[in-house]
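Have a look at these structures, which come just after this line.
Shared between the two complexes below is chain A, which pairs with chain B and chain C, respectively.
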Partner chain A sequence: MKRFWAWGALIIGLLYFILPLIGMTNFSLKMRRGVYSFDAYAKVLGDTRFQETFSYSVTLALLTILVGVFLVVPTAYWVRLKLPFLRPYIEFVTLLPLVIPAIVVVFGYIRLYNTSSWLPLTGTALGTDVLLVAGYTMLALPYMYRAVDTGLRTIDVTTLTEAAQSLGAGWFTIITRIILPNVLVAVLSGAFLTFAIVIGEFTMAALLNRPAFGPYMQVLGANRAYEPAALAVIAFAITWGCLGLIQLVSRFQKSAQRPV
Partner chain B sequence: MSFLTLTHLQKSFGSVKVVHDFNMTIEKGEFISFLGPSGCGKTTVLRMIAGFEIPTGGTIEIAGKDQTNLRPNQRNIGMVFQAYALFPNMSVFDNVAFGLKVAGKPKSEIDARVKEMLKLIHLEHLSDRYPYQMSGGQQQRVALARALAPKPQVLLLDEPLSALDAKIRVSLREEIRQIQRQLGITTVFVTHDQEEALSISDRIVVMNAGKADQIGTPGEIYNRPTTRFVANFVGTLNVIEAILVNAATGTVKIGEEVVSLPQPITGKSDGQSISIAFRPEAATIAGPSTGPAAVTGTVLSSNFLGSVVRTKVDAGGNIISFDMFNQASAQIPKAGETVSLSLQPDGLMVLGD
Partner chain C sequence: MTSPNPPTGPSPARRMRLPLHWLGILPFAVFVLLFLIMPTMKIVIGAFQRPDGSFTFSNIGNLFTPSILAAYGISIRISMASAFFGCLIGFGTAAAVVLGGLPRAIRGPLMTFSGVASNFAGVPLAFAFLATLGPVGFITVFLQSELGINLRMLGFNLLSFWGLTLTYLFFQIPLMILIITPALDGLKKEWREAASILGATNAQYWRMVALPILTPSILGTFALLFANAFGAVATAIALTGSSLSIVPILLFAQIRGDVLGDPHLGYALAFGMIVVTGIANTVYIWLRARSERWMR
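Let's turn to the complex of A and B:
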């Protein structure tokens, strides 16, 4: 009886999750009347707006990952090494983006960096891109910090640092040659999550008026019938691809670091 | 000419003074052990030499150069840790090469030096392995090679053997000592295992509560402890009361036995009661060939310790341990038996306080 309910719950859960997906995929394939076809996909992929916004978002995602790694790895390392009592506070700060809506942050940015401010970043495209990357970095912070901090927990940060120092290494060498390689898998899972977040992000890009993928999806969704469904399937595939890659690298780490 | 000089070294953590006035000079090529109970400050002194802790007071000099204000990566000191601390992302070869790469040595020189080091620790065949693929003993040998590769001025080892099992511990400590001799490198070895310290050191520093209680060769530390702490901490020690017969000749009466100590006794007058300490091996069962019994008591237990048998005797409330060689012909005392012991004069120590 117990088993029955367990299976029942699982099946209902799966249906709840999968049915809309199937419906959407089904719909996305029906652009040509009466037959299944990839017409909607071809149309989406062939659209220059798609290509532009997608490559714009990919570029920004990569930049966000870079900035995030440069910001988070040394910080998490330093906190573990020298300021362990600050860890709970730092963790709290990195969780703030989860409770502060992106729209609040964007309005803050616009107020602070508008064209009549002391640092008119919103005045140029490049300046706005800088702001956007900063905002994305912040959005990704909870995931990036946790991933890296968890990675650091698996190594003896203090002793490895001292071993490297006694061999003559300075901070730059220690972080790039010892710390980063040992948390690389954690950094990669943080990076894939960041990628997935940035690709789909709407609020910040829209309000800062940049040609990103999120706003494009929204515009397309409001004006077309079949293409948005195809686009959603594509976006889903990207996110799931990222999650799959996280699984893959963490499995790779398990086989590389555990005694065989 | 001393090589490593520690002068009035002090360290406090907040208001807690952990190292009080530590003084020591170490010769080039010497093997020094810091021996002492947990928490006495051995690691702290070692970490100050390495530069990981900044002394609250005093100076550290190596080869005549003041090191006190140098950062750890400017000191050229090799360090081996209890937890091995090999870089998990690097192979054995790369671990050993790390210090040389950091120093910007040319590749051919690095290759040659790493090979030489791996040969020294007999692990040439494992140069492509990663740390997680090796036993603790192998990892610690790699850690030793890694520390030695950049030709450090001083080698520091903080309880490098405590994580290993007994057999490896003994063979590796001999290997460390042999490599140290071969390279002639000045070495400080921290341990709380007295057998370890006694067996491999040129000199031992017995530390107690942040101070060096006694500095001496293993023989001096074991046979002529100058403080009660050292006498108690190193080896097993029996303490019994005796009557001073003649201070000038060093004659004392212990039980029925009158013995003359190797040296006169100062600071006490004849007829006074004094405390005499002796090691388990200084007592033998009294018989026709020995003098009269110094101690008589009831056997509590006899334990085999391999080549010797250690017997505990209750002598009027004092528990006395004594050792005899484990020979087939020897009569091993049984619990409950009464035995009489006589003491060898040169094994007796008068305790000052």
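Let's turn to the complex of A and C:
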């Protein structure tokens, strides 16, 4: 009896999640009247605006990952090694982007870095891109920091550092050739999640007026019928792919660690 | 946030070396200061300033006009409703899988799917729901043609309070599942056995043992889901355009084109958002610390 209710609860829950996915897939295939076709996908993928905005967002996502890794890995390492009493405070700071809504942060950017300020980043396209990458780095910070810090917990940072130093390694060598390879799986997990967050982000890109994928989707959604559903399917596939890759690399790590 | 091991007073020799140590976190500190703390402080300070820069409470006072209060009201109610049902349904699903005797093989895929679905927010999510429950959506058309039920005649509209709540639930429920499953795993078998040896029924066990232990986790997650829904901008804009006046949409329009006609009222509006999500997250952090006592 208990199992019956459990199955019932699970199936109703699953229906709620599967029906919208069926709905969007079904809708995306119905562009040609009466038959299922991939017309909507062909139209979306052939659109130059799609290609431009999508590659722009991919570039930004990769830059965000780079900045995030360069910022988070040395910091998390240094805090564990030299300033352990700061850890709770750093952790608190990294959680702040979850507390302060993205729309408020970007509002602050627009007011603080406008053309008449001390650092007029919003004045040029390049400056605005810098601002957008910084904003995305902040959005991804809670996930990136947590992933890397958890990864660092599994290795003996002090011993590794001392061993490397006694062999004559400098700080740069230690971080790039000792620490980074050891937390690579954690970094990759954070990177894939960052990618999934950045690729479809709307609020920051829209308010900073940059031609990113999120605002493109929103504009298309306001004007077209079938193409948005195709975009939703594509976006869902990307999210699924990123999360799938996280599973894959963490499983890879588990099997690599077993013989030790 | 309190440090588990309070910093001991540094010895004089250590204090001499200290500045070099701190250099290591300088890039991080500068970055966070430039792109998180200072922009936020700009908004917070701006909420208490007149256009000429002098201090005032009048911006905050101007928030208490009927249209802005209504926006906060509907935002808070949508966030409450989606957090409440998200907790309820997410808890039910997690309990069914962890305690309901379902095969263990379900858990891995369910957790993976929850990870995906809780990140599937924003513009595409709105499209998925429009294609499903919108005027010509999959379910709407199916109910109309096969069963003769007209959702619109029944008063259902996707671009409304319940429509938005229903859409938010798509990422709220999985988030609840992700957070509450470890807590349910933390319920030790020994506690149930001890309770039943002492003569407790199943209902008594839940009422007097399991639920009190889980309450901080559940309430904490409720606060987190609330903040999550309150700050959601993209889903709401892609779904409703600007037809539903909730705080994030109002703020979005204000940043784009100063619809309130007073830049400092915009600061106050944003400050109000920080206050609401700040309270919700403080509750979450405090309750999580309490619930972790039982999860060792």
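The working rule: the second predicted complex is superposed on the first by the 259 of 260 C-alpha atoms of A that agree within 3 Å, B and C clash if a C-alpha of one lies under 4 Å from a C-alpha of the other, contacts with A are read in each partner's own complex, and residues count from 1 in each chain.
By definition in this document, a residue touches a chain if its C-beta (ideal position, glycine included) is under 8 Å from a C-beta of that chain, and two chains touch if they have at least 3 such contacts.
Please read these numbers as outputs of a predicted model, since none were measured by experiment.
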Just chain B (first), just chain C (second), both, or neither: which does A:Thr150 touch?
-> neither
Now for A:Thr159: first (chain B), second (chain C), both, or neither, which partner does it touch?
-> first
Given the touch rule stated above, what does A:Ser37 touch, chain B (first), chain C (second), both, or neither?
-> neither
More chain A residues in contact - chain B or chain C | C
Of the two partner chains, chain B (first) and chain C (second), which one does A:Thr59 touch, if any: first, second, both, or neither?
-> neither
Check whether A:Gly168 is in contact with chain B, with chain C, with both or with neither, and answer first, second, both or neither.
-> first
Check the residue A:Ser250 against both partner chains and state whether it touches chain B (first), chain C (second), both, or neither.
-> neither
Examine A:Asn26 and indicate which partner it touches, taking first as chain B and second as chain C; both and neither are also allowed.
-> second
Within their complex, state which residues of chain A touch chain C.
-> 2-3, 5-7, 9-10, 13, 16-17, 19-24, 26-28, 71-72, 74-75, 78-79, 82-83, 85-86, 88-93, 95-112, 131, 134-135, 137-138, 193, 196-197, 200-203, 206-207, 214, 217-218, 221-222, 228-229, 231-232, 235-236, 239-240, 243-244, 246-247
Write out the stretch or stretches of chain B touching chain A in their complex.
-> 50-52, 71-79, 81, 83, 85-89, 98-99, 102-103, 132-133, 143, 146-147, 150
Can you list the residues on chain C that touch chain A in the complex?
-> 1-7, 21-22, 24-25, 27-28, 31-32, 34-36, 38-43, 46, 89, 92-93, 95-97, 99-102, 106, 112-113, 115-117, 119-120, 122-133, 137-139, 169-170, 173-174, 227, 230-231, 233-234, 237-238, 241, 248, 251-252, 255-256, 266, 270, 273-274, 277-278, 281, 285
Residues of chain A touching chain B in their complex?
-> 155-156, 159-160, 162-170, 173, 177-178, 181-182, 257-260
